[in-house]
Amino acid sequence: MRIDGRASNQMRPVKITRNYIKHAEGSCLIEVGDTKVICTATLEDRVPPFMRNGGKGWVTAEYSMIPRATETRNPREAARGKVSGRTMEIQRLIGRALRSVVHLEGMGERTIWIDCDVIQADGGTRTASITGSFVAMVEAMNKLVQSGTWKQLPLRDFLAATSVGIIEEEALLDLNYKEDSSAKVDMNVVMTGQGKFVELQGTGEESPFSGEQLQTLLALAQKGVNELIAIQKEVLADIPLDFGRAANETVNADA
Amino acid sequence: MRIDGRASNQMRPVKITRNYIKHAEGSCLIEVGDTKVICTATLEDRVPPFMRNGGKGWVTAEYSMIPRATETRNPREAARGKVSGRTMEIQRLIGRALRSVVHLEGMGERTIWIDCDVIQADGGTRTASITGSFVAMVEAMNKLVQSGTWKQLPLRDFLAATSVGIIEEEALLDLNYKEDSSAKVDMNVVMTGQGKFVELQGTGEESPFSGEQLQTLLALAQKGVNELIAIQKEVLADIPLDFGRAANETVNADA
Amino acid sequence: MRIDGRASNQMRPVKITRNYIKHAEGSCLIEVGDTKVICTATLEDRVPPFMRNGGKGWVTAEYSMIPRATETRNPREAARGKVSGRTMEIQRLIGRALRSVVHLEGMGERTIWIDCDVIQADGGTRTASITGSFVAMVEAMNKLVQSGTWKQLPLRDFLAATSVGIIEEEALLDLNYKEDSSAKVDMNVVMTGQGKFVELQGTGEESPFSGEQLQTLLALAQKGVNELIAIQKEVLADIPLDFGRAANETVNADA
Amino acid sequence: MRIDGRASNQMRPVKITRNYIKHAEGSCLIEVGDTKVICTATLEDRVPPFMRNGGKGWVTAEYSMIPRATETRNPREAARGKVSGRTMEIQRLIGRALRSVVHLEGMGERTIWIDCDVIQADGGTRTASITGSFVAMVEAMNKLVQSGTWKQLPLRDFLAATSVGIIEEEALLDLNYKEDSSAKVDMNVVMTGQGKFVELQGTGEESPFSGEQLQTLLALAQKGVNELIAIQKEVLADIPLDFGRAANETVNADA
Amino acid sequence: MRIDGRASNQMRPVKITRNYIKHAEGSCLIEVGDTKVICTATLEDRVPPFMRNGGKGWVTAEYSMIPRATETRNPREAARGKVSGRTMEIQRLIGRALRSVVHLEGMGERTIWIDCDVIQADGGTRTASITGSFVAMVEAMNKLVQSGTWKQLPLRDFLAATSVGIIEEEALLDLNYKEDSSAKVDMNVVMTGQGKFVELQGTGEESPFSGEQLQTLLALAQKGVNELIAIQKEVLADIPLDFGRAANETVNADA
Amino acid sequence: MRIDGRASNQMRPVKITRNYIKHAEGSCLIEVGDTKVICTATLEDRVPPFMRNGGKGWVTAEYSMIPRATETRNPREAARGKVSGRTMEIQRLIGRALRSVVHLEGMGERTIWIDCDVIQADGGTRTASITGSFVAMVEAMNKLVQSGTWKQLPLRDFLAATSVGIIEEEALLDLNYKEDSSAKVDMNVVMTGQGKFVELQGTGEESPFSGEQLQTLLALAQKGVNELIAIQKEVLADIPLDFGRAANETVNADA
């Protein structure tokens, strides 16, 4: 049994509160155990310079933690004058993951800015950020459908992420901070509603892992992602999300 | 009548939720109308280099907004690589205000780090930050009393802050964002439980103000601060806060 | 009696030397006791990006000290790669103060850049900067009148600033550095020729102050500002400065 | 057939020139097709602050490209004043990968700095950097054995890396730049001499991939890494590298 | 005799390998003894903002060393977030020197970016960079002649540089690192094919030098530059470089 | 005749006002025509980290211009967050030049910080900075002699600098800004009281120069430096400056 009493293949309780920040076009608070992340989605009517006049849209993400999200205080990146390598890696990952299920060609020249602000951290902040950002992004996209700008959501599929790892030879789902610190192998898995892989980042810095171990971990991750997507479906029940066609074709969202 | 239906001398609803972030020694969420700030207090067993070996303690503050706390998205200061002048002014103000009611000499060589993270902004974020930080600071100080490190709180008095301003010749208490934008005179007032001024920052950039107007504004501010301190007393009821003696003498908190 | 022999309500000797830097459109050296600041005003035929196409002008200020303006050497902000919070606060204050007496609507899309460079510091550098900058700004504005670009100065009123404070229960006018360091209450006051307040920044970090004390300090400040404006009038005697109408109406300076 | 005539499971020609930079304790030029990277290893007799007094060693890496390593000129990161997110991700990856095969506990408080400078880029620069850095690191470690400071190399296993990807439904080994640009799935795989995974970073930003596809890619990567390790063994033939025992036990290298 | 056996007026062996980096329009590896510099030239079809619409071209240079080019590791300037004063001086020198022999008026609005990356340093890296950059620049210019964009090279003359210095009262040509460190006088000399001076930078920080000593040093430098230009002529033999007319008149290269 | 009526070998009027900034250990205002520089010297009782425990002293310099020292406003380097290449070159030059006449071994572990702040610029700011800094440095050194810390000045010789250049084939002494802008050859020369060269920086970016032209320029520079040193001797007449012995031997200044 794990330190918090869970079975090895059991997720922590997950809660997604939509419409959490009043100014944002889309927003939620996602809680995965004691990990809490505010995700907001902002619509902008233009794309970054490197994409101008390409006719496509863009989705980009930023990530931060408040200083006392963690057990000891982390100096602010703004005060240090630069964003850490860890933060850059995470925000690049979140952006890439979300773009994988978006029809950028169908967005017109618009940007969706995702902001993930961790207010309490207990492991899995990057995967919770991805799962929550998907909800905030859908909420923001739906604003454009409601206003008649878009006739449908330029989306291909659901998207969620979780972490898996190996501690003392046992494969575990959804590591909390204590577990994460003692795991010898650690893997973040981002998957779609169809069960395909979008990102796979496995690290065995302290102990390389075999092909067999990899299979076990991926199966656990699949189980976790399925549960997360079920929760996403529930909290997004008011927004029509039928990816039968959209998942395979290019969708032009412009009305 | 004001845009949100308040009387000119009426505060917005205020709510302080203590113990909001599990890792911090002290923390709260303060809500003043739609303005929401997470305040945390962190204890550190040393002081900054410029104070080493002086036998005194220090209180310092940092302030930030999540990008979508505001109506339009604000780029992160970490991404721009520097802290704006506005942020610096605010965090210097918060630190100075809190120090005014703390017996630094009685703290030993310890630092209290205050972090104010605005998750939703609707005017008055700096004054809400001061009012909330006081609560988080007391909660953190009390941890040291409970652990026996201190025998009493090294505190002189309560401390709270509000804003006042003049719109179309009328003096108003506790401006929300819309009001703040159209105010010709704007003043932030930080006061103690004894009704003394700690900080007074009045600006008539668009319209200089007379001595009389100043008196009206200060009276309004006094009313607002009294109400805020009443709320602080309520939420801190479990912590003994009797400033009879401490407000006038130097208190050595070390047990 | 004070350390330099002054009465409590007595200013230090003040001297303003106009036309001090040959390249600038406006410039002066202001000396307030041993505090010496070079103020220059630069005219630019455009406004910052956030004001483009608004038809209004802008006044902005920057402030710096040479490293050895102070008793011990201060590292250059350029060498440290960033401007300190103190500097930002001061330059924001100077800009805001000057704008309060300028008809921005009457300037056309022009910017006046104010630069305040402290070459010797002995307390009150920010208030001396404001008082001197007003003179440099008027000199520069007058260039545009002389060249026929403007038909009058887009100005509402005179503007000057001084500091007041409380030391050992006594209220003092125009603190020098030694006094400033030992003052428990410290206030900077910016006022117009009509005796109205433009900025009021009072801090009782080491000792909160009462409403009565505030009144005493404001009266002292009023006396000091009156004397400063008398000196401004004298050194600007060649430039017509009649604010009878301009102080209350919008003036369009464009010829 | 691929654009450069290779079979889908064929590596580009690989050449490793040892002892390439005379000042460095270890160095090589690794050429993988037209990708050329100078790898150096520097020994330092102390560890970074966060590891002091822990009795362990450290391996860290930095990565850069000369501006014209690529088809169009890339501005220098030094000139822009900050390291890009891509660079940070790569250097964190290289360091993590190398540490996975080093007995940090056996190094004493020493740091090995790895520098990877890409002088010509044609895809796969990060995997070439890992493969080349291993050689430079072994060369540097051997200096300490030769000087009698260490009695054996604190190493667990060989280490090499390659990339695999999917283009038009076909899985390919060792993508060059053109291929990399058009791949819908892209994976970097770092493996040990024993065939275990150290890092797995797969991205299907443009097209999620199935579990089956993953298996095919991993098999290709295994083939490539085997070939790279064979080359490493050849160029390092003069240095005794027998990991029979070291791969499974903690080795203390200090003589 | 010198530490490496050379006569006082003898250069180290010099080797220039053209076309060293495949992507660049011009490139070479220059080796002067153990000093090795990769020089690349990049053509860009526009000029920097300060030169727009002037009808002239521009040549600019950047310089860097890989961290282990030197005996001890130099931290990367990108990691430190700023370019050192030494680097700035060197890249300004290289750009200025190259521009002295280019008909900027004849280039059209084009920029040539020179990048000098030192991969191994043993004294004289800035002079080797100038000598090598000239070759890379000519190679890149020739691309525009071959493509018919230019009808001739907009060049006035050859250009090369070397260092001279005084050690123990003896004047020496082409100092290596050890010599450079112990030289009391140190001078970099950039000259044209016609034997004229383009740059002269002499420093006697540890021992001022007389007019006579200066003459001796300049004569030595002239000898070195003559030898370098002979080598440039040889490696550029395939490109027509006849400066009879061009050296004295303005040449318009545009076809 | 030159634009300001001078002969080709004539300096502009030079004036040095000692003891210009009251806080500094040494200071002066140097005026060379319309160029005005405040030079201060600060004594510090320690050396930079790279010189600790070497028993020697250090002299270092910083240089800046106020924004409106020039005809058009120059943005502050502090605001841009970095020091320009030009500034770095100049401050490195000033420091190197001053050190050439100081017995660093005789200073003990002390640093002299030189600050040159240009308040009005009309060409020759770097050479005026060197000439003025020498005076400020001597004044500061003399403080240590007067206080009994040193028994003599650790100085070898006088030091001054001027610029020379070629305009329309004529060699000119002490170029003002207009002349400097149109000069095809431009040279800064730093010399000692004994007529030796300390720094020689000649640039013929727009027109390479011959050996003969160099001789003419050096003779002009010698004349100018002689005049500057005569002025230094006059303004420093109260400080004993006899370099008979000190110029050739190492002097230990410690009492």
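For reference, chains read A, B, C, D, E and F in written order, and residue numbers begin at 1 within each chain.
The rule is simple: a contact is a pair of C-beta atoms (placed from the backbone, for glycine too) under 8 Å apart; a residue touches a chain by one contact, two chains touch by 3 or more.
These numbers were taken from a predicted model, which means no experiment stands behind them.
Listed by label, the chains that touch chain B and also chain C number zero. Between the contact lists of chain C and chain D, the overlap is empty. Most remote chain with respect to chain C, judged by CA-atom centres, is D. With centres computed as the average of Cα coordinates, no chain lies farther from chain E than B. Centroids built from CA atoms put chain E at 34 Å from chain D. Chain centres here are Cα averages; for chain A and chain F they lie 60 Å apart. Taking each chain's centre as the mean of its C-alpha atoms, chain A lies 29 Å from chain D. Between the Cα centres of chain B and chain D there is a gap of 51 Å.
Residues of chain D found to touch two or more other chains are 81-83.
Traversing the ring of touching chains from chain B and stepping first to chain C, the chains occur in the order B, C, F, E, D, A.
Remark: chain E residues 21-24, 27, 34, 38, 40, 42, 44, 62, 64, 66-71, 73, 76-79, 81-83, 87, 113, 115, 117, 119-121 touch chain D in the complex.
Residues 82-86, 88-89, 91-92, 96, 99-100, 157, 187, 191-192, 194-211, 214, 218 of chain E touch chain F in their complex.
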